[in-house]
Structure formats: structure tokens, C-alpha cells
């Protein structure tokens, strides 16, 4: 496993560095995809399969395309767009992240208990056992866990949407409230993009949206 | 009526506005303006009847709190939005010049609808008690403001401001997220109440080794500093304030800031209440307060643009508020708590600042300039407006018997009474006093322009009906609250 | 599987690289990409903590991962609005170079 | 009842804003204030205290009241000073038609601020009312002042703002340390302040109040400001508003006696600076208005001397002369300097210059002006029969009150001696100025100078009348202090046991010696 | 006698002055009558008071808690006698002024000034405590200022008035300290209570008491124009001559002596023993000597008299300072006689000046005897009295002083004898040059006898100059009279020596000046010093330049520079400098902002996490 970790970590870091270093925005965008794919792999390595997939879909898919689309739209290949930053900015731009990393490392040395442990899937299944139901008709989570596979989509769903059943151990309040706000947020973003890019005599469509 | 209906009402109002805008006729812009203002004003009514949602509603109780502060900051948000919309009403002439079809109000409908959503966001922020709900409501407000700041897309200043706000805002969002991640990581929760429990246990591993906690805290504090305009994250404020449409500048400096402060109070409360983190939190907030006071007040000294001056003034006020926060005090029989002082300060600040922005809009409408020189000879061109402007500026400077003094008075009182326990606060107090002295200078500079300078032309300066009404009311309120601050105390349940 | 510290380090490193990009680059679009990178790096931290902050039943704490969804959503909205603003800017000024956005200062 | 003093000018302001004739309104308002003030003082003297004050709560936590009333005799006297000077100020000076509203509104606001500060019975408003007067002062100097008015207005405002801020810090610390939940003087003065906080608070108060009173070395705003400001503002500021600082020190001294005595020597050094340093600066002035401005700074030293005597004694009961002396001198100085500034303004109007080198021999052309100016000048250098003398002589007596013959001279006594030398200095500059202005052969500027019209004369005569009455019968004022029902001036029973200390009875000592044998 | 009368003697002149100044400025005729009337009335009251019993009246003037300042009248032998002198000379001067000032436009102001003076002087005489005495002490200074500066259009008069006031202020500086110190020592301001406190003195160091007394004496130094504060008195002659007679010869300048005597009487002579008394006596002696020397070379008739006044005042001060058994009484006796004959001399000189059309230089007079015989006779009487020729009043008092000096301080006695030689010398000079010989100036040639209104006061005064010294008169009128214990026989060496001194003085005067048209001693180096008044004025001018004006300029510069520019300006510059730095950081460049953000983040993280 650590091999994979190091490999994908390297992919994402190199991608990130490439993103910063390429002078052509298109190349940068492509490297960003690489970096995000690496990240997604790291998510998966952390047993967060669903998050990893979403990461690829949203970032590498939607956002990436959006960026490329805009870059192309604005036709940023003109040489004037690639001016170098001044050396002072370069030095400063390196020193600050570097200090940040050093600070982070110092803090990390004080983080305790980060040793990798395999997830006790089968043991955990017990906590999802619903005594009200028949043993055969248990939830998918329970069944998956019994089968030693992590039903993380279900678990995320459970956490996100909540469960008001009587099973005390899996009763979670859910995230309805933030979800509603997110809804409004997306609405606002849509309206805003429309308002910002609306052309005269044009129908009110066409705002790029995620 | 459970309280969460309030935000729902506001959002529904926003939706209605969007619908009118999308499907209405050409007169609809006028309708949008009126409905938005009227609707929000109407929202104040249910606010009176709102009650705390039942606690057995667990999915709400985790994220949503409805206490005195929530009520107060909701009122603040609604009032600020109403006033901003009124201001936008008189600002429409300028706005129309720089939107899609110059000279008409095509494509400006959203300008009146979006603040309503921002208002909802602020109201949610006022009630948020979980890092997740804080994050999403805060982002709702921020993204709305991205759009609103850049709304005048035919004006370079507005766009430049929008881009600056966007990049720096996103940067701060990044830090916020990273900070939340760390706090979540070390406390295993995003709920502030649970965080409070987690960090005040003196025997836990966290107490022995709080570095990661502080790491997360400092990152979060920094992004909050961005919201409230505190140094070192204040840099966006002058440029963005200057470039944004004036009503939005006012909205940023009042609404967004107030919402930022209630969130800051909520986030910082557990950290101040825990013995482990108290001293460090005090120190860091104090340093930010001191820096903010210095930057805000001293950099304002040389300003020639009134809007920019108000931007620096907004930074400076954030400094005073931070000073009150640094002097964390739970309050007792004889003195106000930090929450009360901050609320009091923000309430008075809202009244005065919006008044000043209204004056600016009026002057801008007449002379098409935000420079202080546009105020030259105002005393002769429109004496009563000049008197109001003088009173408002004096209030901003914190002259006694105006509302502006009350907030500063209590901020300093809080700091000084806490200083006996924590000597380092004297530093902040000293800087604060330097700031006050400097602020006299730059506010009076405008007063000087109003009365001492000869006007460029003697043309009468017309004041639109709404502006006149609002400016007069706000000025009167400024004086009234200066004499009689008790009503604010009633509102915050002191 | 690597340890929590390693994940956090990689996450921090990516965050720092993103920060470096914001500081160094002059192209607003690239800066914006770097900001997205920073958000993703923060997500990695969240997921890592979520994985290692196991609950009573030994499973990862999914609250962290839920937060990641919110962040991704917000980031997407932000990108949409941001790019719209950048396009508007480009239309008005024919540039995406931050160096040229200095009409307001002092 | 007392609140009327504040309401009258404010109503006046509103009336002017609504288009009433500004000058007439201001004159009427100040006349009403004067009448009310005298009536109040009369009631006070007769011992009628009930129903004069109001104190509605404006903030419940900490308790702040809009307390307007007569707190003690000191308040009464300062209130009288304010109304007297306001009355004269409203009748002095003139401006262009266009500025009339501004002029009179500012005047009324400054007057309201001054009166308000003295009749506040609550610390909050005590501070607030004083500050209120700052902005109109600033505007008036900036718009209607003379000379480099803008720079001077800035300088003054920055100084005064600095002073008020330091003062605010002191006051806040004071309230914080006293642990009081009410800012009313009545409650505040009952509290006691921990000894370790006292020196710090006292220092803040001394510097804060001191700057407002132009205590050396925070004095350099005063003279140019008074020289530049329009006459009514100079009169009100130098005469009344400035006294706020001393009033505050005297008022709050009982709260921090130990802290104050910690800084006794500092106060003495500073007051000597006021008297000697500024005295010499005054001698070197070439313009009449600057000379008067500096002289007013210098004279503050005397009042501070009384304050130093009070500090030295520790409590009012230990040195019963000090506080009445300070109050009397404040009153006298206020009236005198107001009169001088008012007349100087007229002088400039008549001759077009205030440069001492260009003036001379005016007395033959303008005998009335010369007489009134001479009276005021003589008052200011302490001619008996005019109010200042009574104050000054009591200050000196206060300075020596604490002296035990047999011991060496204390610092307060040395300061008193230096202050006495200051009398010589003030005589030097005042007589020199009078000599250069009014005596000797006439210069070219005075050829067309007209004497004062009866309208111009009236305010000066009124002030002169006050000076003479108080000078001849200082007990008229001091009597107001005597029967204070509350506050600082406690009944004199407490003082009686102290008499032997003052007049040591020689007999007990031999007796003790005998016992020892 | 009812209290009302006692108060009215004080208040009548004040009312007169107030009424004149406020109401009668344009009506000089009424004003003049009013003033003269008040002077006459007070004189009558003073006469009536002679028969009243001793008493003290008091009202509280200023009250502060248990502390009071009182205004009171002390009526005893001393004050009664002094009142006769003051009101008597005062009345005569008023009358004289009627004629002398007839043509002056500002007559009303003049008479108001005289009334104020009468009020103030009465206050000094009747003062029951030191504070009250100080009050009126200042007031006489003020009235003197007014009257010296009566012709303020003249630069010299204006300067002289200012100088008189300022020099007196310097004296009062010490006076007030002395009063306060004595208060600290004795515990009271009131003269009546001082005797009760004398025991206190014993406890305190006599040095302290001595210093206090010397400081009080500073007041007398100024008011009675003793060296080194004598410089104002000659200049004060710029005032109208009647004023010089009243204020600067007869009454006010004697106030210092009166005050010292009052103190001695109240607190006991003990406090003058020791170095304090000695110093006072020596200062008096030196003053009398220096003044006499200066008088020998003055050409202005009034200045000769002024220096002679100085010299005589020195005598009195010396007598009081001797602190012998009755030396102070001798001083007071001399004060009393001197008042009459010096007033006479001054009024006489006034008459001469008036007659000579304001010519004051004696070398431009001469031969006046032929033209104005009556005046000359009265002047001669005054001269003789001043020279102390038997049996005129001056003789009796001077003899007493010489006796006292001889008894207590032989050195001072010889000094006094020198003065006694010089006095006849310069008076002979004056008389010969001005009145005898032939007229040398136009004024003198055109002079004619003065109107009767001027002559009557001269007669009255010469009358007093003759009889005032006789024991019966002196017993009734003199403020403090002690029967001489010595005899005036040739067996008494003191008498013998003084007689010799007189003869030498007159003789040398006649020898030197008879028939001269110019001063033969003028070119003499030593006499040049006398003529230039020992260069006191010049030295003072330098002192004032250096210690006052120069210091003032330096301090003013420092005040502007250090406090104004460096301190305040520096703070302002720092603030705006820092402000500009912040504004520079606000470069408008997004990268710069991000950079500062980053730096801020690093800083804040460092401070939060690592700086614990």
C-alpha cells in the first residue's frame, strides 16, 4: 500500500508543481487534472471511494473542462499572457509556502496516533444491526460490512441525510440544513453567472454551470 | 413560528423577485425594487413572533441556534439589507450606466434580488453553530458578493474589484477549509458546542499538545479576519470598497462585516472559555486588533477618496471590535459582556456607516465623483445635508453624544477592565487610542472640505426623496442613540 | 497504507504549492486553478482525518467526508462565478494579467 | 430645572436651523441661560436643592444616567461662569451675513457643551458634553478664524483629541478599578480604588485633563488657537471650556488621592513650566492676541498650584483653602480672559492690526476701550478689588497652608514662591502690552480708530461688572461652596480638630518635657 | 463713634472714584468737586476719630471652610495719627491740584485717581491684617501707576508708570512670601492676634523668622524705594507734581515704614532683633547715603526732591530697623514731620514749575524770589525743615533718629551724619540756584506769583512744617510719638555733631553755588557718578535684557522648536509616515496582496502555535 501512496502522492505533487510552473495555461490545466487524479487515488487509498470518484468527476470532468473552455474562449495563447513574475515575487512566492510547510511539519510532529490500521469492518457491522428487523432483512450497510466491503456510499448517505430510526447507534441527524443552504448557493451562483455574462437581446440561458 | 422559517421567508422572497425579473414586463424593475424592500421590511414582523425551534429537531439543533445574538444579528442583517436596497434605489442612475445596456435598467433586476439572498445567508450565519453550516452560509454570502461587487461589468473598477475580491476571497476560503479540517481533525467534531467540550478538558491529549489545535485555529481566524476586514487580511478592503457599486460597498462594510463578527464570536467563544487556549487566543486576537487599528487609522490619514476613506475606516472599526473581543469578558451585573459590546458597536456602526454611504451616493449622483474634493463647499451647496454629514462623520470619529462614541466607549471600557488581569491588553488599548486620535484627523478632513473649502461650482445639490428621508432618520438615530443607547441593549437582551 | 502524518504532509504540501502558484503566477485563470488545488488539498486533510478519526464502531467518521462534498460543491459554484467574472473582465480589459489590475491603490 | 440650561441653547440651535434670525436667537438664548443660571444659583444659595435635577437612565448596564443637576457648589460656580461668558460671547464679534447661522449655532453648541459638562452628575455625560464642543470649535476656527486658521484648527483639534483620549482612558480605568456599576458621581465617589491602580489612573487623568487645560508641555495649541479663533469661541473656550480639565481634576481627586500624591512633584514641575516657561514665552510675544493666549496658558499654572496644594494635603478637609481658591480663580480667570479676548477682537476691528509694534496711543482716541481693556488687564495681573486677586491670594495661602513652620519649605511652597514670581512676569508682559497699545504717542494705525459703540461696550461692561462684584465680595461665590449638601465640600466640623495643628499650641510641649523628666 | 463713620472713611473715596469714573467722566467740574469733597470729609472724619477709643472692626471677605480672610479696620494711636497725615496732606494736595490741573483735559480721570489713592492709602493705614494690607498695598501701587501715567501720551510718563508698577511688583513678590511665612510661623494674619503668638516664635528658629521679616521688608523695599529697588521713584516724577507731593513724598512711599512699624508693634520688637533688623537698618542707611549723593547732582527740581525723599526714607527705614528701644517711634515721628515738609517742598516746586511754564531745570530758573515771594518763603520754610534747622519740625524727628542710631549702631550714626551734611548741601544748592540770583530761562523770567488756591495749601503746609515737631502738636497728631529722653544742649555730642554737619552742609553749599550759572562740579569724575545715579538704571537695563528678554527669546524658540516641532510635529510625522508605509503596501497589485496575506498567515501561525 505505501507504494501506491507514494506513487500517487508523487503524481499529485508533480501535477501540482507542473500546474504552477507551466507557462501555458492549457498545460497548467492539464497538469491540474493529473494532480487531481492523483488526489483522487489518495482518497481511494483512504477508503473514501465515493469522494475519490466525485473528485474525478467534478474536478477533472466539469471544472477542468470549464477552465479549458474559458482559456480557449479567451484565446490566451497570445505571448503577452505569459509574462514572468519579477524575481522578488518569485523568491517571496517560494519562501512563504516553504515556511508554511516547515510550520506544518513541526505541527505534524506533534500529531499523535496516526498509525494506519485496517478498518474492523465485520466488528463494525454489529453496530448497524437493527433489532427491529429480521436478520435477513438488514440494511445494505450491515450486509456489506458483513461481506467485508466498505459501503461508503451508503454510509455517506446515512450521514448526509440522517437516519431517524430507533437504532440508537446509527441515529444521525443528517445535513438537511446545510444542504438547503447549498441549494440556495447554487441558485445564486447560477443567477449570478447569468447576470454577469448576459448579452443584449439574448435569451437568459447559457450561463456555464457545474 | 419556528425561527428557521425566517430565512425561508427571505429566500422565498428572493425567488419571487427572480421570477418577477425573469417573466415580468419592462416595468418589473421598479416592482422588483419595491417588492424587495417591502418584503424584507415585512420579514421583521415574523421575526417578532419567531420562537426557538423545538430542540427535538436534532438535524436542525446541531446546526442552528436561535438565541439573543442570533435574533439581533438577523435584525441587523435585514435592516442593513433594506437600507442597502433603498440606497441602491437612488444609486440606479449610476448603476444603469455600467450594466449591459447603458442608460436603461435592463439587466439590473438581479442587483436588487441578490442582496436578499445575501441577507438570508447572513441570517443563517447569525444562527450557525456548526462549522459546516458556518462554512456554507458564509460561502453563500461570499459568492453573492462576488457577483454584486463585479456587477457593473462595463466599469473597469467594479470588475477589478470583483476579481480582487474573488481571488483573495477564494484564498481565504481555502484557509478556512484547511483550518476547519484541522479543527475537525483534532476535536473529531465540527459542532462548536462539542468543540468547546473537547478543548476544555484539561486531561485530554489535546491539552498536553495543543499545537495542531492552534494551527487550525489560526487558519480559521485568518479567514475570519478576511471577512471582518482585520489585518493582515484587510488588504482587499480598500480596493474592493472603492471599486464596488456604492450600495454594495455599504453592504459589505455593514452586513458582511456584522455577519463575520457574529461568526467570529461563535467560533472564538469555546476557545476563550477554555483555560488551555484562552491566553493564546487573547494574544492572537489582540495582535490582529493592534495591527488592524494601526493600518486602518494610519493609512486613512492620507486618503483623498471618500469611499476609500470609508474603507479604511471600516478596517479601523474592525480593530476596535477586535479589541473588545480580545478583552473577552462574559459580563456581570455591572458591565457588559463582549457579545453585548460587539453587538452594541455593530448596531451603532450600521446606523452611522450607512448614513455616510447615503451621503456619498447623493454626492456621487450629483457630481459623479467619490473624491473628498466632491464634498468641497457642501456646507454652502446644501447646508442641511452638510450638517447631517458632519454629524455622521463626527459619529464615525467617535465623538461623544453620537452613537459612535457608545461603541468605542464600551470597547475601551471592556479592554481596560480586562487589562488589570491581562496586562498585555494595555498595548492594544494604547494603539487604540492612537487610532482614535488619528481618526479625528481624517474624518474631520472631510468636515473641513465640507465647510472650509470653496465649492467647485455653486450648483444646488439635489437630494432624492428616499435618501433625504433615510439620511435624516439615520442622523437623528445617531444622535438619539448617542444620548440613549438603552434600546440597543433591550434588543440584545442586556 | 501510509500514516496520518504522511497524508497530512502531502496535503499540506499540495496546499503550499497551490499557495505558491497564487503568489507567483500572474495569469488570473491559473491563479484560480491554484486556488482550486488548495481547496482539494484541504479536502485531502479532511478525508485523512475522517479516515483516522474512527468512530466507536471503528469505521471512518463520515462527517468529514460529507464536509468534503460541501466543499466540492462550493468550489464548483465558486469556479462558475469566478470564471464569469474573469470573462467579463477580459471583455472589458482584454487582459487576465493581475499586474494590470492596479487602477485602485494606496 | 437644571436641564433647561441645556435645552435652551439646543432649542436655539433648532430655531436657527429653522430660519429664525441667528443673532437675535443666540442673544435671547444666552440671556435666558443667564437668567436660569442665576436663578439656580440663587435657589442653591437658599438651600433649595430638591427638584432641580433629573437623572433618567439611558443605559441600564453599566448604569448611565443623563444626570443633569447641580452636584455641588463647584458645579454651581462653573455653571455660572459658563452662562456669564456665554451671555457676553453671544454679544461679541460679528461675521459676514452668510456665516451668521453657522456662527451662532456653533456658539450655542459650544455654550451648551460647556454648561452640560458642568451640570452633568454622571461621568459619562460629564465627558461627553465637553467633547461635544470640539467640533463647532474646529469649524469656527477653520472657517472664520484669522491667520493660518486651518493649520491652527488642526493643531488644536489633534491636541484636544489627544487629551480627551488619554482622559477617556483614565476615566475608563477609573470606573473599571472602582468596580462600580453606576457612573453617577454620587455612586462613583463612594467607591474606593485599589492603591495599585491609583498612580496609573492619576497619571492618565493629569495628562488628559492637563492637555485640555494646556498644562505644560501640552500647551502649544492654546495660544495660536485663541489668537486665531473668532472672538466668541476664544471667549468660550479659554474662559469656560478649558476649565473643564481643572474641574474634572478637582472633581475626581477624592477618588485617587494617593495616586495624585504620587505625582505631586510631576504636577509641580509642570505647573512651574506653565508659569515660568510659558511666562517667558509670553513676554516675547509680538502680537496682542498671542500674548493674551499665552497669558491664559500661564495663568492655568496658578490653578494647578491650588490643585497641587490639594494633592499635598490629600483631602479637601486637610486644606480647606485649596479647592475654593482654585474654583474662585477659575471663575475669575474665565471672566477676565473672555473680556480680554472680546475687547481684543474689537480692537482689531477698529485698528486693523494687533501687532504691538504698530499700535500705540490708542487711549487718547478710544478712552472707553482703553479703560475697559485696562480693567481687564489689571484684573488678569491680579489687581485687588477684581476677582482674580481674591483667587490668586487664596491660591498662595493654600500653597502655604500645608507648611509647618520649623520644617523646610516643601515643594508646594517652593512652587508657590515661583508662582509669586510669575506675578511679576505677568505684570511685565501685560503692562508692556498695554503700554504699547494704549499709551505713548499714537501710530499710523490708530488715526481713524473709533471708540467702542455702546453695543460693543455692553458685553465688556457686563463682564467687568461681574469681575468687580466678585472681586469685592468673593464670598458671594465662595458662599455657594460653603453650604454644599453633598460632594466634595464637606461641612466644616471635620476641619475644626485640625486647628491646633495649624496653630500649634506651645504649652503642651513643655508639659510633655516635664512628664518626661 | 459709630462704625459707620469708620467704614465711611475707607469707602467714601472709593465711591468718589467709582462715581467719577463711571458717571462723571465728561463732567469734570462736578467730578473735581466730588473728589475734593470726599477728601475734605475724610479729613474731618480723621480729625473726629482722633478722640475715639481703640477698636477693631472686621467683616469676612473670603471664606473657605474654617479659613477666613477678613477686611477689618484697626483703630489705634498709630492709625489715627497716620490718617491725619494721609487725609491732611491729601486734602491740601487736592486743593492744590484744583489750580494746578485746571487746564488739564483729563481732570476727571486725575481726580478719580487721587480718590482711588486716598481709598487705598486709608486701607493700608487701617488694615487689620496682613492680607488686607497686601490688598491695599497693591491698590496704592495701582493708583500710583495711574497717576504717574496720567500724561500717558508721553513715552517717558508711560514708561515711568510701568517701571514703578513693575519694581513694586518685585518688592511685593518678597512681601507676599514674607506674609505667608509669617503666617506659617505666627499662625495668623491679623495684627491683633500676633502678640498672642509671639511665644511661637521662640520655638521656631529665629533664622526663619528673620528671613520672613526680611521678605516682608522686601515690600517696603519696593514701596519705600530702598536700594536696590529705588529706581522707580525718581522716574515717577513724570507724574503731575501734586501727585509727587502726595504719593511719592508724603504718604505712599512712607507706607513701607508704616508697615514695618505696624509689624513691630504687633508681633513685638523681638522679631526685628538679630540679622533681620541689622540688614534693614543698613539698607536704610545705605539708601539714605546713596540718595543724598545722587541728589547733589540733579538738575531737575523734582528729581532733587525725589532723591531727597529717598534719602529721608532711608533714614526712617534705618530707624525702624535699628530695633532699639524707641528707634522705630523716631522713624515714625520722622515720617510724620517729613510728610508735611516734603509735601510742602513738592507743592512749592509744583508752584514754581507752574509759574515757569513747566520748566523743571533749576539752572534755567533763578531769581524767582523777586517774582514770587510768597512761594519762595514757603519753599524756604520747607527747605529749612528738611535741613533740620531748629526749631522746625524736621529738626526734632531727625535728632531722635540720630540719637537712636548713636545708641544702637555707631557706624550707622556716622553714616547718618554724612547724610545730614549732604542734605543741607544739596538743598542749599537747590534754593540758591532756583530762587536766588537772576532768571536764566524764559520761563523763569516770565514767572509770576501763583493763584491763591495754590498758595493756601502752601501756607497750611508751611505752618505744619514749622509746628509739627513741637511736643504738644506731635503728641496729638503723630502716629507714634515718644518723648525724647535726650536734651538738645551743646553737651550732647549727638546734637553737637549734627549741628556741625548742618553748618558744614549749608556753608559748602553757599560756597560752591553762590552766583553760579552752571554746576561747577559737573565735570568732576566722582560727581559724574552721582549725576548718573551710580549707573543703577544702566545696570538694570542690562540685567533685564539678559535675564528677561534673552531668556524669553530663548525659551520662546525652544517652545516652538522642541515642543511644537520636534515633539508634536515628530509624532504627527511618524503617524503619517507609518500611514504612508501602509499605503505603499496597498499597491493595488493582487500578487502583492496575496504575498502579504501569505506573510501574515505565516506570522499569525508562528505567533499562535510557536510563540507560546
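All chains are identified by letter, namely A, B, C, D and E, in their written order; residue positions are counted from 1 within each chain.
Here is the rule we go by: contacts are C-beta pairs under 8 Å (C-beta built on N, C-alpha and C of every residue); 3 or more make two chains touch, one makes a residue touch a chain.
Please read these numbers as outputs of a predicted model, since none were measured by experiment.
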Moving step by step through touching chains, the smallest count that connects chain B to chain E is 1
Interface with most residue-pair contacts lies between A-C
Taking mean C-alpha coords per chain and comparing to the overall C-alpha mean, nearest is chain D
The chain whose C-alpha centroid lies farthest from that of chain C is chain E
Looking at Cα centroids only, farthest away from chain B lies chain E
In whole angstrom, the CA-centroid distance of chain C from chain D equals 65
Distance between the CA centroids of chain B and chain D (whole Å) is 43
Chain centres from averaged Cα atoms put chain D and chain E apart, in whole Å, by 34
Separation of the C-alpha centres, chain B versus chain C, in whole Å, is 26
In chain C, the residues touching two or more other chains are 8, 15, 18-19, 22-24, 26, 28, 31-32, 41, 43, 48, 63, 66, 70, 74, 77-78, 81, 85-86, 88, 98-99, 101, 103-106
Among all residues of chain A, those touching at least two other chains are 85, 89, 92-93, 96-97, 100, 103-104, 106-107, 111, 175, 178, 182, 185, 188-189, 192-193, 196
Expected list for chain D, residues touching two or more other chains, is 158
In contact, pair by pair, are chains A-B, A-C, A-E, B-C, B-D, B-E, C-E, D-E
So, in the complex, the side of chain A touching chain B is made of residues 103-104, 106-107, 110-112, 162, 173-178, 181-182, 184-185, 187-189, 191-196, 198-200, 204
In their shared complex, chain C is touched by residues of chain A numbered 1-2, 5-6, 9, 12-13, 16-17, 19-20, 25, 28-29, 32, 35-36, 39, 42-43, 45-48, 50-51, 54-55, 58-59, 62-63, 66-67, 70-71, 73-74, 76, 80-83, 85, 89-90, 92-94, 96-98, 100-101, 104-105, 108-109, 111, 113-121, 123-124, 126-128, 150, 152, 155-156, 158-160, 169, 175, 178, 182, 185-186, 188-190, 192-193, 196-197, 207-210
Seen from chain C, its contact residues with chain A in the complex are 1-10, 12-21, 23-27, 29-30, 32-34, 36-37, 40-41, 43-44, 47-48, 50-52, 54, 56-60, 62-63, 65-66, 68-70, 72-81, 83-88, 90, 95-97, 99
In the complex, chain E touches chain B at residues 575-576, 578-580, 582-583, 585-586, 588, 590, 593-594, 596-597, 599-601, 603-605, 607-609, 612
The chain B residues in contact with chain A across the complex are 4, 11, 14-15, 18, 22, 58-64, 100-101, 106-107, 110-111, 113-114, 117, 120-121, 124, 132-133, 135-137, 139-140, 143-144, 146-147, 150-151, 153, 186, 205, 209, 211-212, 215
